[in-house]
Amino acid sequence: MAAGKEDRIALHRLMLVTRELDRVIGAADGHWHPALGEEGVVAGCYYGLLEGDALVPHYRGMIAACYARGGDLRRLLAGLDGRATSYSRGRYRSDVCGPIELGIIGLYSGALGPTLEYAAGAALAAKLDAKGAVAVAVFGDGTASRGNFHEAVNLAAVLKLPAVFVCQNNQIAISTPAQGEHGGRIVDRAAGFGIPGQLVDGNDVVAVHAAVQGAVARARRGEGPSLIDALTYRVGGHMAADPGAYRSAEEVEQWKQRDPIALHEQRLLAEGLLDAARAAALREAVAAEVGAAMKAAQSDPLPGPDVLGLDRVFAEA
Amino acid sequence: MARLTMQQAVVEGIAEEMRRDPGVFIMGLDIGRFGGPLNSCKGLWEEFGAARVIDTPISEGGIVGAGVGAALMGKRPIVDIMFLEYLSLVLQQLGCDAGAMHYYSDGRARVPLVVRAKFGVGPYHGHAYDYHAWVAHLPGIKVAMPSNACDAKGMIKAAIRDDNPVLFLEHMGLYHGAREEMPAGDAVVPLGRARVVREGRHATVAAIGAMVRRALLAAETLAKEGIETEVLDLRCTVPLDRAAILASVAKTGRLVVVTEAMKFCGAGAEISALAAEEGFGSLKAPIQRVAAPNVPIPFARNLEKLIIPDENAVAAAVRRAMVA
Amino acid sequence: MARLTMQQAVVEGIAEEMRRDPGVFIMGLDIGRFGGPLNSCKGLWEEFGAARVIDTPISEGGIVGAGVGAALMGKRPIVDIMFLEYLSLVLQQLGCDAGAMHYYSDGRARVPLVVRAKFGVGPYHGHAYDYHAWVAHLPGIKVAMPSNACDAKGMIKAAIRDDNPVLFLEHMGLYHGAREEMPAGDAVVPLGRARVVREGRHATVAAIGAMVRRALLAAETLAKEGIETEVLDLRCTVPLDRAAILASVAKTGRLVVVTEAMKFCGAGAEISALAAEEGFGSLKAPIQRVAAPNVPIPFARNLEKLIIPDENAVAAAVRRAMVA
Amino acid sequence: MAAGKEDRIALHRLMLVTRELDRVIGAADGHWHPALGEEGVVAGCYYGLLEGDALVPHYRGMIAACYARGGDLRRLLAGLDGRATSYSRGRYRSDVCGPIELGIIGLYSGALGPTLEYAAGAALAAKLDAKGAVAVAVFGDGTASRGNFHEAVNLAAVLKLPAVFVCQNNQIAISTPAQGEHGGRIVDRAAGFGIPGQLVDGNDVVAVHAAVQGAVARARRGEGPSLIDALTYRVGGHMAADPGAYRSAEEVEQWKQRDPIALHEQRLLAEGLLDAARAAALREAVAAEVGAAMKAAQSDPLPGPDVLGLDRVFAEA
């Protein structure tokens, strides 16, 4: 399922938004988890899903995922420090949990892993409805060591659920490098569940998109789940404020040379889909959009005590 | 009307809801052709088929998690985790995450999920642990524990219709016990309303699940001694019927709390603390808790029997309260 | 003697025990070169190397389970699970299984395992949940929560030497706070002994962890109003120092229980229920519980602040107890 | 590591004990979980470990595992209904939990799965001690769907622990057949952890023994963990009283034809290690031993209230 011209521009734009979010938020908040260098996976996964599909994003890239699904940037950014205008009105954080009304299942606690199971459940709901909807779950390579990964993927395999599991494999978990996280390769786990596994260059947004959409199409046809291992690299720190002293500067430098945005832009230029002027204009437009949203969000009000809602914990009929 | 055991009543309640609402489905280990341990799902697979009565691998976190995900997408899943002893395996998904979703989403997310679990010392030897206080500690999830077959049917129906996650507890000592006449029609027993099962004016015994019957037996004995015991079937730990507890304490001035779970930090502590805080003015005597001691459930039948509160323990506690 | 923060005190306690006993080792996520989140293990890897300061994958159940297995084979593992918010992921291994092993093996198995976890509302935004009541409900496992740096060092040493599993809780609001002079020598603070941190005769405030300081602040305010508050630092929920609580209640006749955890079925309920049962004769007023409401911890700082008990809430509760 | 003559007889004997236990206990207790047809895996795994090794058995076969490690049969059988003479004095059940003093880590609760993690920990302890000890964990194919399997095996792989994980793959979990339990084959999961995986005929006790001992030797050499998938079949019900109405009688019949005891006995006869008379004598001796132990156990006293030990929950220093 190769991306058409428009898709390629849209993928580029989504990568630019992702990077600009990092720049703007990272400057304001040392606790922000940047996706710097991983934009190919972020955009490749989150662009192109249909209404009715369930999206279960990795926390790193959550805001971009919500944006890709039509979320309002100002409201999403207002959720970074819990402002009243955010989707949750300040009750929860937007950097790890997107709004359900966009078909997004976020992390409703600090625990990594269970969302893969929620994705399996969303896929089960889709299977029961038989309208061709799918669930796409994205997770980190570190998260893949949690038992939830195993239970979710196996369950999806056994029940032949329309689910796509994508590892946003940046080869690190906080400070722990790949060889300290998992024996073997993540992609090689697919065989153990009897499902297709595909290794893809995570820094090639078109390749990621094609792999994900291929697996999505398979799922829509009722042929069951797939596992995609999208290999990329976390160029930034675990958090914006993390100097990353635990790894070699050379390694980081090498991966910077394979910047997914630069690579894709070159391709677009080479293919004549973009010229230098339009490329710059796109960057500017994105910067303006993100900047304006951030500025607005930052002056949005904090929630009043009415939002606390001690009596609103349970849903009423 | 049919006379049903608790096991049958729960299954009938589920079947009625599955007929009513195509969004209701059930999953769990060995619940299909096998019918579930202790027949917990007997007959459902035959009526509704494998698409809605789903056999799953041994992945408790996975299936409860899948229940959460399906519920978020608008279904009404029931997940049978076999035994409450496995609650720890699903506490993150069911308790911490699912319980918080409605609140954290500012009311947008709903998780109409029922998790069923068997527990309790009974004819079946093992898997008796009652860990439900863990879930009661968490916001946003309800905990129901019927003491009889009629309530079991009405409460499972309420649980399935509830828009919140509900932990539904089925006591193995009651499961295949006495048959009861089911009420006619679509009888739903709302979650969170206690029932006065015996009126009395000298002391209140607040009990739940299998302890209700023991409280009633104790009350009979005590009646012969001139002590009129009011017995309250709490039915749910969450929502807890605070008003009913406080009203009864206001009337009797004496409170005995009876649970099968371990005493320390169990749900009985919450009920006692509630009365000590909000019913203190009426209290004439120390609040007694009757519960299992904090010791792993011993296996030998004769030792096991020593730790689960029986009617004598309840009666003794009421007498202690009367003396004080 | 060095003046240390709580974070440094815990690490120093661990280092001393690792020097003393080659069977002690520590494992967790990012505890090696990275030093652990919030520096929870800073310096240990440099001193003891990767063989005894072991970086692990994100597999909380796996690493706590491995701690249990290694402890059964005679080691003294410490497992750092980062945040108490992940307790649900290890409750089976740490609580249900490890807690029962000594008893079920008729005293043959020992599980000298320490699980460390950070929690609490503080400068670090997130991962604040205090779920320790779950573990307190289970037999065979201890729960320690120091309120200050000196205790933190002495209690982690006691925890490491203990032959039972211990859940050791480190409050992020205290972690990088005031430095304290450490006592000289091998100072171990035994688990299960509360401390009277301020004497008083009108009311007892039983507090734990970060709430102790708030109780002391409240006591100062109350003193100006002529109310002499006795403040008890419980230090451990298990073993609970029942004697200390009951002795103080016998003296003051009024009890306020302060915890940061959610109120319903929290550890505060147990303390209240204990007094309502065994200290009833001395009680002059309703027992007050000061705790977080049963609501998921809201994210916005100003909302978060509204739910965690502060010194004003403690003082108000004492005043309520005095009026009654 | 091929089994020598004596080993082959010993393996046979252990299979006979396992079967005789089933016969005798199954007749007395409908809740007993028979290992009928799986004796090749049971004996092949549990025979031949050294002192200092940790053994973490599957529940189905636990008593035989304890026996193989030198446990007293009468005391083990007394634990079936919690008699005072049992290793736990009646505090716990021997059918799922063997005594720690034999180097056995059993199931201290009803939950399947965590014992694999305890095995990883025992292997970690062995690695720290560096005396060449290993941990062997055996688990069911159904249990392999638990997240604990994933976390334990991955942890062992990453830390290169001297652990051997053996799946007692009887192709069913209560009533759920293999295809309802796991996508793919269990053996194919090894690659995803970067460790050796070996499929072995579970009904060939010598093959199982060789595979396990090969993996054990590898672990002792410090080369890390292995996964063995020992394919067998549960000829009996899940419990003794289970009629097994959920599967085809033909399938059961086919597997009965591949009875591991008969197969091994034929081989011993063919190889001249046993003759008909000695074979019969061995059977009789085993029957006598198990019968006597059972009889003694059944008349052992129940525990007195002193065993309750409400104040013995914590270990004292």
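Letters are used for the chains, namely A, B, C and D, taken in the order the chains are written, and counting of residues starts over at 1 for each.
Following the convention adopted for this analysis, a residue touches a chain if its C-beta (ideal position, glycine included) is under 8 Å from a C-beta of that chain, and two chains touch if they have at least 3 such contacts.
Nothing here was measured: the structure is a model prediction, and the numbers come from that model.
Once chain B is excluded from the assembly, the chains that remain, linked only through touching, form one piece.
For the pair chain A and chain B, chains touching both partners: C, D. Chain pairs B-D and C-D differ in how many C-beta pairs are in contact, and the one with more is C-D. Look at the CA centroids: the one farthest from the centroid of chain C belongs to D.
Centre-to-centre separation between chain A and chain C, using Cα means, comes to 36 Å. Work out the mean CA point of chain B and of chain C, and you get 30 Å between them. Taking each chain's centre as the average of its CA atoms, chain C and chain D sit 40 Å apart. Contact with two or more other chains is made by residues 88, 91-92, 109, 111, 145-148, 150-151, 154, 158, 180-182, 307, 309, 313 of chain A. Across the assembly, chain B contributes residues 56-57, 59, 61-62, 85, 88-89, 92, 96, 100, 103-104, 129, 139-140, 294-296 that each touch 2 or more other chains. Viewed as a contact network, the protein chains are fully connected, with every chain touching every other. By the touch rule above, chain A contacts chain D in their complex via residues 145-151, 153-154, 157-158, 179-186, 188-195. The part of chain A that touches chain C in the complex is made up of residues 31, 81-83, 88, 90-93, 109-113, 142-143, 145-147, 173-176, 180-182, 246, 302-303, 305, 307-310, 313.
Residues of chain C that touch chain A in their complex: 29-30, 32-34, 37, 55-62, 83, 85-86, 88-89, 125-127, 129, 293-296, 298-303, 306-307. Every residue of chain A that touches chain B in the complex is listed here, in rising order: 54, 56, 87-89, 91-92, 97, 99-101, 105, 108-109, 111, 114, 116-126, 128, 135, 147-148, 150-152, 154-155, 158-159, 307, 309, 312-317. Against chain C, in their complex, chain B makes its touches with residues 85, 88-89, 91-92, 95-96, 99-100, 103-104, 129, 131, 133-134, 136-140, 237-238, 240, 261-262, 264-270, 272-273, 275-278, 280-281, 283, 285-289, 294-296, 324.
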